[in-house]
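Shared chain: chain A. Partners: chain B in the first complex, chain C in the second.
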Partner chain A sequence: MSIDKKRAVTAWCFISVPIVYFILVRFYPTLDAFSISLTDWNIVGKKTYIGFDNFVRLWHDPVFWQVLGNTFEYLLLGVPISLILSFIVAHSLDQIRFGHGVLRACYFIPFLTTAVAMAWVWRWFYQPVPVGMINLALGQMGIKQLDFLRSTTEALPAVLAPAIWAGLGFQIVIFMAGLRAIPQSYYEAAKIDGASGFRILREITLPQLRPTIVFLTVISSIGFLRIFDQVYNMTQEGEGGPLNATRPLVLHIYKAAFERFEMGMAAAQTVVLFTILLIITIIQLRVLKNG
Partner chain B sequence: MLPIAAVAHAVEIDYWQYSYKSRVDAMDRLIAAFEAENPDIKVHQTTFPYAQYRTKVAAAVSAGEGPDVVQLYYGWLDDYLNAGILKPLSEENFPAAEIEKDFFPIVHNMKADGQYFALPTAVRSLGLFWNKKLFREAGLDPDIPPKTLDELADFAKKLTKHDRAGNIIQVGITIGPIDQDHNWWREVLVRQFGGTPYNADNTKVTYDDEAGIQAFDYYAGLVTDHKVSVVDFMDKGEIAFKAGRAAIHIDGSFALSTFDRARRLDYGVAELPTYDGIKSNFASYWVNGITSKATGEKREAAEKFLKFITSEKAMQLWLDQVGELPARRAVANRPENRDNPKFGPFIRGLDYAHSTKFYSEAEQRRTVVDMLDRVVLNGMSVARSLRIAAEEDQAIIDKARMK
Partner chain C sequence: MAEIKAPIRPGKIIIWCLLFIGAVIMMTPIIFMFSASFKYNDEIYELALISSEPTLSNYIYLFENTEFLLWFKNSILVALASTVSVLFFDSLVGYTLAKFRFRGRKLVFIAILSTLMIPTEMLVIPWYILARDFGLLDSYIGLIFPGIMTGLGVFLMKQFFESVPDDYLDAARIDGLSEFRIFTQIAMPLVAPALSALAIFTFLGNWTAFLWPLIVTSSAELFTIPVGLSSFSGEFQSEWEMIMTGAAVATLPTLLVFLFLQRYIIRGVILGGLKG
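Presenting the complex of A and B:
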């Protein structure tokens, strides 16, 4: 055996372990979900094949459509806001030397914090008086309190805020790496030509960051489409209330699977989620790469 | 110590319940007392976290594993019967006539096809908790709780406090349908306004009528008209009451131990307020049944054990240790229990208590939570929101009955 072949064999030996793991723990259950979605199954009994009944029921379920709408609201608010915020922070951090490390760490810490603990802290921030910090401050100024989590319109943004905040650290670090990778000579040339700061941003920085933006858009889209921890921990009894106003698809799946034990129904919803994730990711990759 | 030979020939039976420290400890003491009386029987207690309990039992028994004697929530009986988990109690050891004479009437729900399938050690009912200090501050007599629903609204108004911006910082009464309020509304308020929550065989929702509207109007009105409360104030009514930020709170007897641990909380307990002279209460309980797994000498031992843990002696121990109410009238009505300032109101409430036959407690509770939210948050009319809740509730019942 040649050295190359030997190397390849060794490499395969190492790779095969995670491959087996992925096939057993990831791919097999994923494929199995497709077949479960066509059954009525309560996790202990027998599976009964019922064709596309689960999907038909979903189609006629107003709560499912509301939940799907919420999921897209998380996505459409979350991705642009988090990307703009993290870009602004990363861009500003990139300009400063003093305190750079400390500031960067400050932004990164929320990313390391447990989502559950953070969600509960925010839940208490949002409480009405006499508990909630934000409303307490408003009350001191004589301003009527905001409903936050107890409002059908304010609850979703209120739940989204800590999710954005938590992901910010990661996005900032990636953006900063992207910014560092842009050759300094471009900026020097632009300065000699007398380009304005805005023009430099538009014509050098942003185009050069395209791969970074593509990556972050895809990753954060998937993240917001799968939002769960914050909603589960910030809403009363983890219901995604009030009146389903904050319930995302993943929580809806969880409730169907592990509270009502409707595994077929839950699997059908996972298939829907999978399809949405797939389509959105393909579109994003196409649009942002070739644009 | 028992002679080794006796232990070697002992019949061993398994007992399962969910983990809750005071209950597990009390059961350990009952088991020790039982084994002392019956040296030829050994009882093993196994406990699981509440969240997994129900699925564990179902999976284990259907696989031929699992306990001989099992504890279950009264609302699960139908599921357990359908799954064939339970076998009826023998008439010889548990004569039906005697059960009906000795136990509180809510226990009748444990009867199917003329046979009893399970019996409780303890039951729980609802009561009204009031904070004496806050009553005093509001100029009310700290020893006189509201006795009627009108008084309740009236007292609550005097007990509500606002900050400069007009926000409520102390509620007159806690409102939390996700906690015990949904039971208060369903089994107490609906009945007091002249309605019934469900029909006789519990297959049809019947609260969607004039009585139901009035009952719900009263309940929602505490928030929307009287403005004496905020839904889920301080996250949970129990927390608000414990913190002295809620003057009146309706909760189960199990809340007593929580409030007793709270320092500087001077509170009283009363029977639920009446309306139109009508009294009602909600009772719930955990029962013990014998599974289909126990046969032969194990079954005999299991019946002996069940008889022991539903005896008067066991119930007094359970009351003293766990703080749950005795299911036998004789124990409950002992003067020291019935006139106890803390347990007394709950025990007296048992005389006129109803228990709901839940098909899915979590989902049916949610219909009440949403019913109130639609009125409070979206300004929907009481009648319309009630109709939607009734339809949702009916759908849950129909779905469960189809299975």
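Presenting the complex of A and C:
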């Protein structure tokens, strides 16, 4: 056997087990999800092929639209708020030296926490008096109490807050890496030209950070679209209430699949989620290419 | 640097103060969580951070009367096993794709890369059925099997192995080392920083994972910390000091690791994030 052939055999030996794994645990399940989405199946009985009926039913289901609406509300609130906050912090942190490491650590540590644990901490904070810290503090300042998780309008932002909080550290660290990568000479040239701080920000910093911003937008969009842990742990009985006001797509999928065992219906919803994520990724690639 | 000589401008002091306030706000939930875990039930309604009589009774109760210790062990076991497996297989595949020329190499790489597009949420239903058919529901293997290898890790390791010079490997071949030993003894040590990054975010991801462990486990003996904490907190409803103690136990290990490995962790997150 020639050396090349021998090495090709070695290569295939090395990757044979991983290939079997990826086929069995990634590709086959992906195809399976699509195929289940075309059936009516309660997991124990017979699978009945029903074509696109699940998708048609979803289209006519007002609750599903409410759930999709919630999911996009998480996204549309979460992405801009977290990006703006993390940019401001990263940009400020980048300018200071005193206590830099400790401050950065304080912003970063929430990223290392377990979402489930922190969901319960925030749930505790949101309780009405005398239990909840926030209402306790508001009370002492003479401000009206808030309902937070009990209100259909305040619950969603209240559930979103810990998700934003936990993700900030990651975004700050990535933004700071992006800021470090901007050549100092650009700033020096701008200073010689007498450009104001705002102009430097608008014409050097932000354009140079474009790939970072696109990347973080996509990563955090995907994150907020997949929100689950916080909602499951912060709402009564993990229902995504009150009155479905906080229920996101993944929780809806979980309930359909593992509480009602409507596997076909649940799989159809995962296909919807997959399609949304795919569109976002394609948009990202487009934006980066044109940049 | 010229900056050192520049006088401290008041603007910088204001920025520093705002950053400091922000940092305090960021840490507040974590601080209050730990603070409450050392309080008796009648004290947690007070805003005071340090209890007048701090107690370890919540922790003692938690470990003696609930299954927390077991969940803790399960979490460690699952996270460690997944991390070791990911480190080995992802680098093996990344190494092979980077350093061997063979037909189908590109196809394999693109196929593995394409798995990054598939969200876990889409796979949990087929995984559940797979686990049921193989009798893996409610078992350790059931918990671990979806995360034995990752597309992201393969991609990351391939990038790093590409920077390893072929000369090193050829020299080892001339010395008569087997291909597998070249991989483990020559190539792996050369990409140690990438391995530590991969280890950090694989462990963290598994330690905090909730959805799949929630789905695949049904008996309390197999819960991981997040699943156990979730069910436990649902039962303990108004005993917030107990819930906070549980949350503290879930958080403490990653915080401790961070304190010791801060530099590596931040670098690892940047690596994993930017490459992902």
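Criterion: the second predicted complex is superposed on the first by the 263 of 291 C-alpha atoms of A that agree within 3 Å, B and C clash if a C-alpha of one lies under 4 Å from a C-alpha of the other, contacts with A are read in each partner's own complex, and residues count from 1 in each chain.
Quick note on the criterion: a residue touches a chain if its C-beta (ideal position, glycine included) is under 8 Å from a C-beta of that chain, and two chains touch if they have at least 3 such contacts.
This is a predicted model, so every value here is computed, not measured.
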Touched partner set for A:206, first chain B, second chain C, both or neither: neither
Broader residue contact with chain A after superposition on the shared chain, chain B or chain C: C
Which of chain B and chain C A:138 touches, first, second, both or neither: first
Contacts of A:7 with chain B and chain C, given as first, second, both or neither: second
Touching partner for A:109 - first (chain B), second (chain C), both, neither: second
First, second, both or neither for A:130, with chain B first and chain C second: both
Partner chain(s) touched by A:76 [first = chain B, second = chain C, both, neither]: neither
Overlap of chain C and chain B interfaces on chain A (superposed complexes): 43, 124, 127, 130-131, 237
Contacting residues of chain A [partner chain C, same complex]: 4, 7-8, 10-12, 14-15, 17-19, 21-22, 24-30, 32-33, 36, 43, 89, 92-93, 95-96, 98-99, 101-118, 120-122, 124-125, 127, 130-131, 133, 136-137, 162, 165, 168-170, 173-174, 177, 215, 219, 222, 226, 228-229, 232-233, 237-238, 250, 253-254, 257-258, 263, 266-267, 270-271, 273-274, 277-278, 281
Touching residues on chain C, where the partner in the complex is chain A: 12, 15-16, 18-20, 22-24, 26-27, 29-30, 32-33, 36, 44-45, 47, 89, 92-93, 95-97, 100-103, 105, 108, 111-112, 115, 117-119, 121-130, 145-146, 148-149, 151, 154, 179-180, 183, 204, 207-208, 210-211, 214-215, 225-227, 229-230, 233-234, 238, 240, 243-244, 246-248, 250-251, 254-255, 258, 262, 265-266, 269-270, 273-274, 276
Residues of chain B defined as touching chain A within the complex: 55, 58-59, 62, 163-169, 178, 230-235, 245, 360, 362-363, 366, 369-370, 373-374, 377-378
Residue ranges of chain A touching chain B (in the complex, touch as defined): 43-44, 123-124, 127-131, 135, 138-145, 147, 150-152, 236-237, 239, 241-243, 259-261
